[in-house]
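Both of the next two complexes hold subunit A, though its partner changes from subunit B to subunit C.
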Partner chain A sequence: MKLKKHRGIETLKSRYGLMFVTPWIIGLLLFFVYPIFQSLIYIFSDVRVVVGGTMMKWVGLDNINYIFQKDPEFANNLGQGLFTLLYTCPVILILSMIIGIMLSGQFKGRLFFRVVYFLPAIMAAGSVLAMLFQYQAGDVSSIQSDESVSSGMIDVSEIIAFTGLPQQIGDFISTTLSGIMNIIWSCGIQIVLFISGMQTIPELLYEVGKVEGATKWEEFWFITLPMLSNVIVLVLVFTVVDAMTSQTDVVMTQAYALMDSQLYGRASAMLWTYFLCVGAATGLVLWLYNRFCASRWQ
Partner chain B sequence: MLKMKQFSTPESKALYQKKMMQKAGSFLVSLYRYVLLISISYVIIYPMVFMITTALKTPDAFLDPSIVWIPKVFSLEGFTQAFEALDFSNSFISTLVYEIVAAVIEIFSCTLAAYGMARFDFKLKGILNVFLMLLIFIPSQMIIIPMTINFSDFDILGIVGLIENIIGEPIKINLLNSVWPFYLPSLFGVGLRAGIIIFMYIQFFKGLPKELEEAAWIDGAGPFRTFLSIAIPSSGVILFTVSVFSVIWHWNDYYLAVMYTSSNYPMAVKLNTIEESISVLFRKHAITEKAMIVMAACLIFILPVLIMYMIVQKKFVQSIDKVGITG
Partner chain C sequence: MTKNNVKTKTPKLKVSKESQYKRYTRSKVGNFFYVLFLVAFGAFSVLPLVYCIVTSFKPLDELLVFPPRFFVIRPTVANYAALPGLLSNLRIPLSRYVFNSLFVTITSTLLYVFLATLAAFALCKSKIKGRKTFFLIVQFALLFNAYTLSIPRYLIYSWFGLIDTYLVMIIPHVASTMGVFLMKQYMEGAIPNALLEAARVDGAGAYRIFFQIAVPIVKPCLLTLILFGFREAWAITPQGTIFNESLKTLPTIMQQITAGGIARSGSAMAVTVIMMIPPILVYMISQSNIMESMSSAGIKE
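Right after this comes the complex of A and B.
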């Protein structure tokens, strides 16, 4: 009893801290941890929604066997999804870093460029982008090639025809172009994060660099990049999650189609397989990053 | 000045040359910057313009090779049909009711958790940090199936089951198609992308000077009083930034909405299935006719967010400089 009376300010503060986070802990348990366990169980069971509740039957590894051996599309989709992530995420990361650093400097027209570059952040995520790409991809362009968004930007096919290169190379270039568009449009939030990260680097460091006679290039490698290391990790994780859950992602689309037909077990198995692959790859990258870059900068 | 240019000593000449080199270098850097920025802006602006012109064209204009950008006849037919295909009045209201209110709830509920994590030390903090990372990294699509099933038969702590046993009658609480699947997670700080929102708040609160709050403590204000009257008023910038993000994410949310609702879809879902609605409503199957309506619908969809952005853009652009969300 006496101990309770003499509790210090630290104990009191820790209690207040707990008071603040209690709702969040409840939320985490009810709407995050518990559903995660449930969906992990769903992987190994046959889940059906019937009148008056759900019916679950333990089926062991059936779902996993099914998606890998019997499903005609999943293995392909998984490979394609992972491959897309593999080449888009690094490009998004680097591109948004370059743009973020550029936009955080002082130059004429900065406000205008910022307004333009935040546009993707405002409306990219989702349906509109999916629609745009769908309409540029094939259908409209078959009517009139100029109508396709990416090939309309720069008329690649004509340039290719002019230089006399084979058709395949032209196709490849126009695919890459539309890929670039996709990538730039998914850079929105990342640019915002980088700009805000750039503001936290003290100006003093650059002045010291100038006194020491560092070039711009050295400034980037020895001041900007190490100071941005936290932002880079955050942006990497954000980019991976964002790309993985975009509406153009093939695995997500397939899993959602399965959910429509109430094959919850299989959908769950697909989602978690995909997520584990992505998570393992991201974890590896983060580990390497910590091991070889972040620790050296410390 | 004149003396400088006469180069009285070889050193000053070298210095002058170096200066010129630097000047040329910085000119090249800024040139490079403008070229890159302008060419990427082009990629951003082009699709917008494409959307607008396509929406305004008549179907015949697609077949006319002389019309690339500005159609000879402007038609608003695309827009009237898009309004109908989107079921605009209904879907707009349900977007507001389901998504935007959830966004507002989320903005405020997340401050509580973040403030607790940033300002206080307690035992569970290490574990909670791990969970925060998981919350950022595990997308809500991973748990959407059990969430939907749980909400369709809401009995999350077994309380309903207990009452069932007492009364002896089966009760089924189906929360799907109501606002609760959107509000409840938001209320507890685990809504749509809550992880990254809490993370931003934590970074901001950590950078906020403690002294004011300590003064309030000494003056006898309780923790919640301090939070409400000191911490919240001084975090206008981050509240603003996060609000913009959260509203946009909720506005664009498709994956949650399509599972939690089966009628009164929000606009994002309507937009995603617009091709079918066009075929059903207007019996139009030609791609040119569809393109016009779809692009008009896309414009209608982004317009409210765009207007919001145009209103707040100056403040948003400036606040990005101040928030330090990623320290």
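Right after this comes the complex of A and C.
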């Protein structure tokens, strides 16, 4: 189990490497590096959209001061956003790993279940269902406005009322259900990633394990988990990114609302603060992971 | 690991299937709970789709019921039947939208997958200066989605004269960083350096190494990437960058139909159901056994 990291083959000359990356790097610079840099500048400016472009005025730290000291909601939202990420991400990661491993086994109807678990990912990409999903993300049992009726949603409370349970139990069940719903709905892509990760684990390792008399439990800890370590890192990063950039995230919602009212400076300041917090937290987790888990597994 | 990895390519398909089957045989009770678990959680992801399909069969009076009902009492195909009528009012024929959607989706997905794989291979297996820096940028760029960057991006589009062309839908999608991140992470574990070295010693050039060795190994990931690319490109709704009606894609019509209000919600659901079919098909193809066996039989030592 020795993994030699970053030992590129000497023989693949770096000029070929450059040739391979160049087209992509051009795209990266144009559509990510430059715009990100620009949004960094927005933090310190008063941005206005005028005919034929934007007009910027340097305002120093005004935007940052504003969001932390004057904005009544931002500090609260930031805390809430970070806290939500803290408990949803591990749950999503573990659940999608379990389901991913289960779905890579051989059993009848496997393709059916794979499709079932991937459905949310497909539906969430469509715009109408993104809308539908938004309403579900809120409290399902809350009173529905006309618009949510038109977009259509599942009324869990009605189903519960149908079964004749008392109100409190009904409320509890519908809150729990919508919680589980949200989490399952964010698992789609992660499950696919785990399935494709499972496909790279050589069958031979399990055979060796069986010959050596390993139990299923040991097989999981000593073969499956270490071999999936790259995928786990991938899924962790993906989950964090996906959860925080989703439309339902409180900080994002606030920043988007500001962007809609053309306060790009404040919106950028908010987004950058949030990104830096999450980036630092993810970095810490990855560092701990590399330090304690990855080194032991290799 | 390197050694093991190289060795495993030898077992024939049949052997690996058998052993895989053995690996997952369990008692009947175990099997029951296995399926029960999958069904219980699967219900959550499938219910909204069921609701969507059910709603698309509801007649008008049932759509207007408050609170909305889950099940349909008197199913009707009126919502589907009304679609041609709704669509015939369009100034541009429907086939144009279909073509636009397919063209944009397929082009951008192929380009996206190809460029991401090339770049990931180079970032992962060659010694380019600054590759670690680039990878850091990739990870950071993941956080910024299209909406967050819409203003600076718009400026770039207008500098290059991309506004109101197909390119404005294709290029940003191709440049997205998720593919490179995914592929690089995957390649690091899956492609043994020894294999690449062996190929090099045997006289394969960089392109040959890439197409004949790296690509077959990462096939499962490649399929996943195609799926992700397709899924996203299919749902692209350009905002403020496409004005020419003849360049718009299917999701745009869907929005127009949805904008019709409650009375149209049945038709909106019908369109949604139809729109979801292509990504599901792509997914099923990418997950089917044929593809899997191809990926495992793709290489020999």
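What we mean here is this: the second predicted complex is superposed on the first by the 222 of 298 C-alpha atoms of A that agree within 3 Å, B and C clash if a C-alpha of one lies under 4 Å from a C-alpha of the other, contacts with A are read in each partner's own complex, and residues count from 1 in each chain.
Quick note on the criterion: a residue touches a chain if its C-beta (ideal position, glycine included) is under 8 Å from a C-beta of that chain, and two chains touch if they have at least 3 such contacts.
Since this is a predicted model, take the numbers as computed values, not measurements.
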Which holds for A:P35: it touches subunit B only (first), subunit C only (second), both, or neither? both
Report for A:Q106: first if it touches subunit B alone, second if subunit C alone, otherwise both or neither. second
For A:Q69, using the defined touch cut-off, is the partner it touches subunit B, subunit C, both, or neither? Pick first, second, both or neither. neither
Regarding the shared-chain residue A:Y206, is it in contact with subunit B (first), subunit C (second), both, or neither? second
Looking at A:Y264 after the superposition, I want to know if it touches subunit B, subunit C, both of them or none. Which is it: first, second, both, neither? both
From the superposed pair, tell me which subunit A residues show up as contacts to subunit B and also as contacts to subunit C. 10, 13-14, 16-21, 23-25, 27-28, 30-36, 38-39, 42, 47, 49, 53-54, 99, 102-103, 105, 107, 111, 113-123, 125-128, 132, 136, 144, 146, 149, 152-153, 180-181, 184-185, 189, 192-193, 195-197, 199-200, 230-231, 234, 237-238, 241, 244-245, 255-256, 259, 264, 271, 275, 279
Going by the contact rule set out above, which residues of subunit C touch subunit A in the complex? 1-2, 4-5, 7-8, 11, 15-17, 19-21, 23-24, 31, 34-35, 37-38, 41-42, 44-49, 51-52, 55, 66-70, 115-116, 118-119, 121-129, 131, 134, 137-145, 147-153, 155-156, 171-172, 174-175, 177-178, 180-182, 185-186, 188-190, 193, 196-197, 200-201, 206, 209-210, 220-221, 223-224, 227-228, 231-232, 234-235, 237, 251, 254-255, 258, 261-262, 265, 268-269, 271-272, 275-276, 279-280, 283-284, 287-289, 292, 295-296
Can you list the subunit A residues touching subunit B in their complex? 10, 13-21, 23-28, 30-36, 38-39, 42, 47, 49, 52-54, 98-99, 102-105, 107, 111, 113-123, 125-128, 130-132, 135-136, 139-140, 142-144, 146-147, 149, 152-153, 180-181, 184-185, 189, 192-193, 195-197, 199-200, 216, 230-231, 234, 237-238, 241, 244-245, 247, 252, 255-256, 259, 264, 267-268, 271-272, 275, 279, 282
Interface residues, subunit A side, partner subunit C - complex: 1-5, 7-14, 16-21, 23-25, 27-28, 30-36, 38-39, 42, 47, 49, 53-54, 95, 99, 102-103, 105-107, 111, 113-123, 125-129, 132-133, 136, 144, 146, 149-155, 158-159, 177, 180-181, 184-185, 187-189, 192-193, 195-197, 199-200, 202-207, 227, 229-231, 233-234, 237-238, 241, 244-245, 255-256, 259, 264, 271, 275, 278-279, 298
In the complex, subunit B touches subunit A at residues 25, 29-30, 33-34, 36-37, 40-48, 50-51, 54, 62-63, 65, 68, 109, 112-113, 115-117, 119-125, 128, 131, 134-139, 141-147, 149-150, 152-153, 156-157, 170, 172, 184-185, 187-190, 196, 198-199, 207, 223, 227, 245, 248-249, 252-255, 258-259, 268, 271-272, 274, 287-288, 291, 294-295, 297-298, 301-302, 305-306, 309, 313-314, 316-317, 320-327
